[in-house]
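In the two complexes below, chain A is the common chain; its partner is chain B in one and chain C in the other.
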Partner chain A sequence: MPQIYKLLTGLLAFTGTVSLLLSGEMNPAFSVVGMGLFPGYYQFLRSGLTAPKWTVSLLSFLTLIVFGFDALVSRDLFLAVAHLTIAFQVIKAFDLRDPWDHLQVYFVSLLQLVIASELMSSLVFGGVFIVFIVLLVAAMVLSHFLTEGGYGMVKMVRPVTVITVVTICTTALFFVLLPRTPYRFVGKSHFRSIRTAGFSERVEFGSFGTVKLDPTVIMRIEMEGRRAGMDYWRGLTMDFFDGTTWRHSERDRIPVSRKDDTFVIIPFRQEDVVAQKIFLEPIDSDVIFCLAPVKAIKAESFRLFVDRERAVFLPGKASRKTVYTAYSSPGEKVPGIAEQRYLQLPGGIQKIRDLAGRIASGGSDDRGRASLIEEYLKKNYVYSLTVRRPPARVGPIEDFLFTSRRGYCEHYATSMVLLLRALGIPARIVNGFHGGETNEFGNYLIVRQSDAHSWVEALIGGYWVRFDPTPSAQAAGPSVSALLLDSITMAWSRYVVGFSAEDQRKILRSVALPVALPSLREGMRLKWNPYFFLPLLIFILVVLFIRVRRRRAERYGFATVQFLKLVKVLRSRGFNMPSPATGRDIRERVAGSALAGTVHEFIRLYEENRFGSREVTPQDRKRYAAMLRQIRTLPLHY
Partner chain B sequence: MTNQPLKQLQARLTSIIRGKEEAVKMATVTFLGQGNLLIEDVPGVGKTTLAYALAKSIDCSFQRIQFTSDLLPSDIIGVSVFNQEVREFEFRPGPLFANIVLADEINRTNPKTQSALLEAMNERRVTVERRTYRLPEPFMVIATQNPMEYQGTFPLPESQLDRFMMHIRLGYPAPQYERQAVLEQSGFDFLDRLEPVLTRQDMLRMQAETEAVLTEESIVDYLLAIVGETRRHEMIRLGVSTRGAQFFLRAVKALAYHEGRDYAVPDDVKDLAPLVLGHRIILKTRKYISDAVGVISEIVDKIPVPV
Partner chain C sequence: MKATGEGKRFILAACLIGLAALNTGNNLIYLILSLMLAFIVISLALLRLNLAGLALRLSVPHPVFAGEASLVSLSVINSRERLPAYSLRLAPGDAAFSAEPAYCGVIEPLSVSEVHPRVVFQRRGYFRETAFVIDSGFPFLLFRRKITAAAPSGILVYPALLEDIERLPEGSAAGDGRDFRFMGRGDELHSLREYRYGDDLRRIHWKASAKTRNLMVREYAEHQSARVSVVLDNRTDAYGVDGGGDGSPIIQDETFEKAVSLAGSVARHFLDAGFPVRLLSCRKTVPFGSGAEHLFTILDVLAVVRKEDAWEGPEPSGRDGISILVTGSRRNALSLPAGQGDTVLYAADI
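Right after this comes the complex of A and B.
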């Protein structure tokens, strides 16, 4: 067996295992176990040695026990299977005896890749996938050449390239054609979500400080006609503050009715709204973000909810990259009712009440007073992410307002809400994202964890008005290369992970348009079924298969095909055949068995037909068939 | 195709040199392929006996030249002497003018004399003083040599090595045969008394039949692939020449004929490669032919066999 074949098997096992480890979902212990691949294949490549049978059996037994334990304890069969495949690959690395073992490695690597595809959606997977396809195709082509006899680097390159390209094209075709549904491949999701701050049901005061320096991308936004002020990505609002924690006092969520694939919250006219296509990374919250006020959301989900503050929620935590389009009409006034909960205040805030009165004394109406408070906070306090812990028995807001005078958006926004409420103006805090940087490559907006922001909405004259008392802080932009890299990630999110039913329809329509009749176009949306392609595809594959068979017969001639059959039959009868085998190789191996006579005659006939001047006569054909039958059925020993 | 005489020859030779069927077969194959044979081994394992037995089993003229360090080219080719009676120079053929020439311990003589053999071995003729004399048919040189690492030897030049179709080693006989050999009468007397089992005509006919053995295209490709690989192999400084490939093909035909076939199979090529190519390559690191044979075997294992 040539070294390159062994190497390919090793690389395949490695790629499969690495794809799992890259997902970050594997138990760290199995990362260590995975390292076992290196000594295994090193030894295999160097000396072709395998571990003794009993060690392999023992290890396999132990692995099964660990697997059972793993599945029972973690209650996650999916991850347990993933762990099992890693252990299997490592054991196999020490136990590669015959071609069948190599095939097992291929199969398990493929399984690993399928599992990994469920575990991660990053760009890295695309790279791993391509590498895997190339390796697998090379390994299969090589193993084909080995059984058929005769391989060389020159011979290899062409079929590997052709088949790889065909495979990737077919995969792409399937990718485009397979129906998109909101169903998941496996019930439970195994994505690791990004930890965020500010979007859970209770928000501990000060939690934003931990994420303000985190450059992790939360979402990418494509949007037409962006204007100034359109950079407040509203998440959820909170109305109840107990001195250290914000929460929401009304937890009702109302399902939104769905029309086609659009969830309409408030009926709207297309020309009044700004559409934002948002690619949201998996985060640890079910809230989704958009400009306010939101009118409708287009998403491939079964259900969608809003709360009374018009925050929009998915049915569950965004467990993988979520793609949705939000239709909002920024600038439109949002009417509101002055409920008592917007005036709730924690106890012991007499000092704050006094301060509110002092600041707002010059204001003639609610709007003026609110603006004065906003101005006051902006001017008299220092934006800083390093905030000292307030002394005992002093609330963080009190400390910020009267002593430290240093803080970040949470301090400013909470202070303003409290000050407004102290003046009797209904107000609530809004958590979301603010700003984001434009990526010229691809023309979209990158919103990072560090763009997390809190601001204020106050009910003035029956409408909710946004105030942002936080002074703006300048941050250095990322480098060009970082932006370029991000645009590739965006393309991956956009065209691979976020490839939607709508995109499918778009492609099909553009493909079908030149030939389709106008009446057909109407029904295409519903009636078009990608499975129509399947019979065609199968037909093409069958034709290709037959052609390859015929080509093979032409290339080899009748006698060779018979000889290859003989090798196959003998192999199936338990004879260890080298590949390619020569006549003598076979004679030596069957010597002493009851087959020897027939095999000798067979080989003699083959050699005469193949290398001698004897033409294959119809009698010869019959003789081959008869001898093959005998060799297949005769008992091995007398 | 009848192989009766060939079987007799084989039987005769193996009765003299027991336990060396493979070496005997290869010697016969070389003769069938009209090549020259180089037998290399330590002194005293039957090299000369094999050559002598082969010559005596065929009804051919036989000459033996014991190569020594002071042997001159004229000693083997012959000299022109002035004949007083007819008053002109007359060529007296040397021992080279025989069907089978045993060049014993060829690496004991100096390169000048060694190279005198070159023309004879390749072209089956010798030129003396601008006159060319044809050597008799069939013609074969069986050279024996001691391994190069032994005292008092001149290594054969590559060009001369290349003219031998095959290079074989005998090795010590297996214990039971060695016992027989020790107990039985020694010396070459009984060899001299042997009756030939093959006539000269038989031999010529078989050589002609050998040439007609069919080598299918893929066999030639296979053979050339092995030869080609010797020129690319990283451990080899000098690969196999085109003449080497010609000899290889002739040897393949001869082996096929010897096996009773009128067509060659890949196994013939596989079997012969180490014997035919081993002495034709020069390794980068080690200089002994035995190392080269190992490299050739490695190459043969690597090149895919035609099916």
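Right after this comes the complex of A and C.
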């Protein structure tokens, strides 16, 4: 058995196992078990020795016991199977006897990859997948030649390279064409969602501090017709504060009806809204984020809910990466009703009431008073993520406002809400994300965990008005290489992980239809679009060309086709050829030119093939091609 | 196109992964499913491409005899201009012959690959084309595809020649005196042998019987200077046996083939001994000749000789030397066309 075959089997086993370990979901004990691949394949490569049968049987039996125990204790058969495959690969590394054992390793590696695809969706999986394709193609082709007895007779590099490239292209084609559904029907997802702060119905005060240094990407956003700036990506509102905890007291979720694949919350005109295509990572909440006020959400989902606070919920999205397009009309006023809950205050805040009175004394109306408070907080407090614990019996806001005077967005926004409410102005906290960094490689916005933010909405004059009392903090931007890598990650998320039926439809429409069909509102006029037509036209022409060539060869025979080519080439070189031309005609016309010798030889070969008993051999075919090349390129005269 | 064991397992795995993809809506599982479908489609497409544009040509460097292994030269021609052909297995595609499997690793575009399998033709005859099955599982062994390709061969397969033929007259061709001794005729004592039922009692050699304590009889032989006419009785009637439904005989092809083999063997026997030999049959005649080349002239006729309805050829006469008649069975002994046959050999007795 050749070393390269053994090595490929080892690498495939390694790739499958690594894909599981990289997911981070494996029990650490099985990471240690996975290390067994190294001694197994090291020994296999060096000596080709295998473990005694009884050892393999005993280990297999023990593995099955561990598998049963694992499944019972963890109550997760999926992960137990993942662990089992790792153990299988390790045992198999010591027990590779015949080609079927190698095929088993390939199959189990494939299974490991399938399991890994349910445990992670990062770009790493893409890398592992490409490596897997290359190794699998090489191993399968090699396995074929070994079984057939052709190993050593064929240079493998060329077929393996060509087949690998063709496999990758065909895989991409199938990936685009396969009909799909974004829904999960049976079983739970094993994706580990990102832990966030502020998007559950109950948020402990101070929880934002834990995420403000986390660079994990939460979402990537493509804006249509508008450049992203320091926008506010609204998530969940909080209206009840008990001194240490904020709560979202609105429990009723209203289902939004769907038209085609768009959930329309408020009817809108296309030209009045800003579309934001958002690629949201799996997070531990079913709230989705967008610019406010949102009018509609386009998403591949069965259901979508909103509540009276205009928070939008996409159920079940926490288990997967989600792609949705939000249509919002930023700048539009959002009406609101003054409810008692927007004026709720925790007990013992007299000092805060006094402070509110002092700050807002110069304000003539609610807007003015709110602006004064916002201004006051921005100017008199220091933004800091290192906040000390307040002394006993002192609330965190009291400590922030009167003692430490240092804090982050949560402190500022909560303080402002309490100060506004103290003045009788209805207000609420909004948790979401603010800003993000624009990635020029791909022209999209990256929003990270560290961009999590709290701001304030105050009900002034019957409309909700946004205030952000947090002073801006300068953060170092990511390096160019980080942005480049993120653009690749974005492409992976956008075109692979987040590839949707809508994307399929777009591609098929652009390839299949030579014209762009307008929407019904524009009537049934067809817009001619040559760019759509071009690939189809090229395809048709190529097919026609191949068919005509084949028909011609079938009709006349190879030698005659070559003769006709000769006539054509000689005409193109300026010889006046009669139609039809005979061999004698051609000889007469090229006599005296530098081509005469080659043309004579050509015609002699043609006549032997056409009229003599000589069959066209592969050598003859090569000779025809070579002579035609010469006739095409040689100078006409010496 | 047929799925192999591995191919069936692979398809089953692809179906299961397809179900998983549909159930989860996970694009990464769709990606793996796409890879598996790509493997299947590429297997099918490459198999079809791999076997397209191939042609075979068979040539035999040596004479071929039925039932005898011959080393042949089988050329596989790839007439495609760009694509090489990989991993081809060649096996007989016709029951008329058997061959050991041959394998071509790669055939470059517009190239020829030659293999030299041993081929055994089961029967004599002219084979204008020889069918071979080209089988390939390239590239992944998930599927196999077979095509039958006819190799233009123009092979003349000679009848099988027998080594030992009993009851042939012994002859020598030393010097100028070519003569025969015909067993059982004449008056020259040839040998003694044990008595068999039916032997003439007058031929018992009492002295020898007393010595050996077994009945021994004399065998006589007759010398005849001659050329040899091998008469192949290829009339259909000569190969009929009783048992046909309406009283008509059943024609035994096997016996006829034996007779052809026997005729060839007899011819070789006498040509090897240096005698001029001719072949007579219902319609075809090979005139007297000698030497190895003449044997192949006779074998050329015997390779394609068929049963005929009636004898139309010349009958051997005494002045043409001896004649050896090869016919089917004793059943038709009375209807022999060449009544002058000095020796009659029955194919059914072989």
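Simple rule for what comes next: the second predicted complex is superposed on the first by the 501 of 638 C-alpha atoms of A that agree within 3 Å, B and C clash if a C-alpha of one lies under 4 Å from a C-alpha of the other, contacts with A are read in each partner's own complex, and residues count from 1 in each chain.
Just so it is clear, a residue touches a chain if its C-beta (ideal position, glycine included) is under 8 Å from a C-beta of that chain, and two chains touch if they have at least 3 such contacts.
Everything numeric here is computed off the predicted structure, so don't read it as measured data.
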Determine, under the contact definition given at the top, whether A:584 touches first (chain B), second (chain C), both, or neither. first
Check whether A:171 is in contact with chain B, with chain C, with both or with neither, and answer first, second, both or neither. second
Identify the partner contact of A:125: answer first if only chain B is touched, second if only chain C is, both if each is, neither if none is. second
Taking the superposition on A as described, I'd like to know which of chain B and chain C A:608 touches: first, second, both or neither. first
Does chain B (first) or chain C (second) touch A:563, or do both, or does neither? first
Given the touch rule stated above, what does A:133 touch, chain B (first), chain C (second), both, or neither? second
Looking at chain A, does chain B or chain C touch a larger number of its residues? C
Who does A:497 touch here: chain B (first), chain C (second), both, or neither? second
Both partners, chain B and chain C, contact chain A at residues 145, 148-150
Where on chain A is chain C touching in the complex? 103, 107, 110, 113-114, 117-118, 121, 125, 129, 133, 140-141, 143-145, 147-150, 153-155, 159, 163, 166-167, 170-175, 178, 180-187, 189, 320, 496-499, 617-619, 621-622
Counting only contacts in the complex, chain A reaches chain B at residues 2, 145, 148-152, 556, 560, 563-564, 580-584, 607-608, 610-613
Contacting residues of chain C [partner chain A, same complex]: 6, 9, 13, 17, 20-39, 41-42, 46, 77-79, 81, 86-87, 89, 103, 105-106, 110-112, 137-141
Touching residues on chain B, where the partner in the complex is chain A: 214, 216, 218-219, 261-267, 270, 302, 304-307
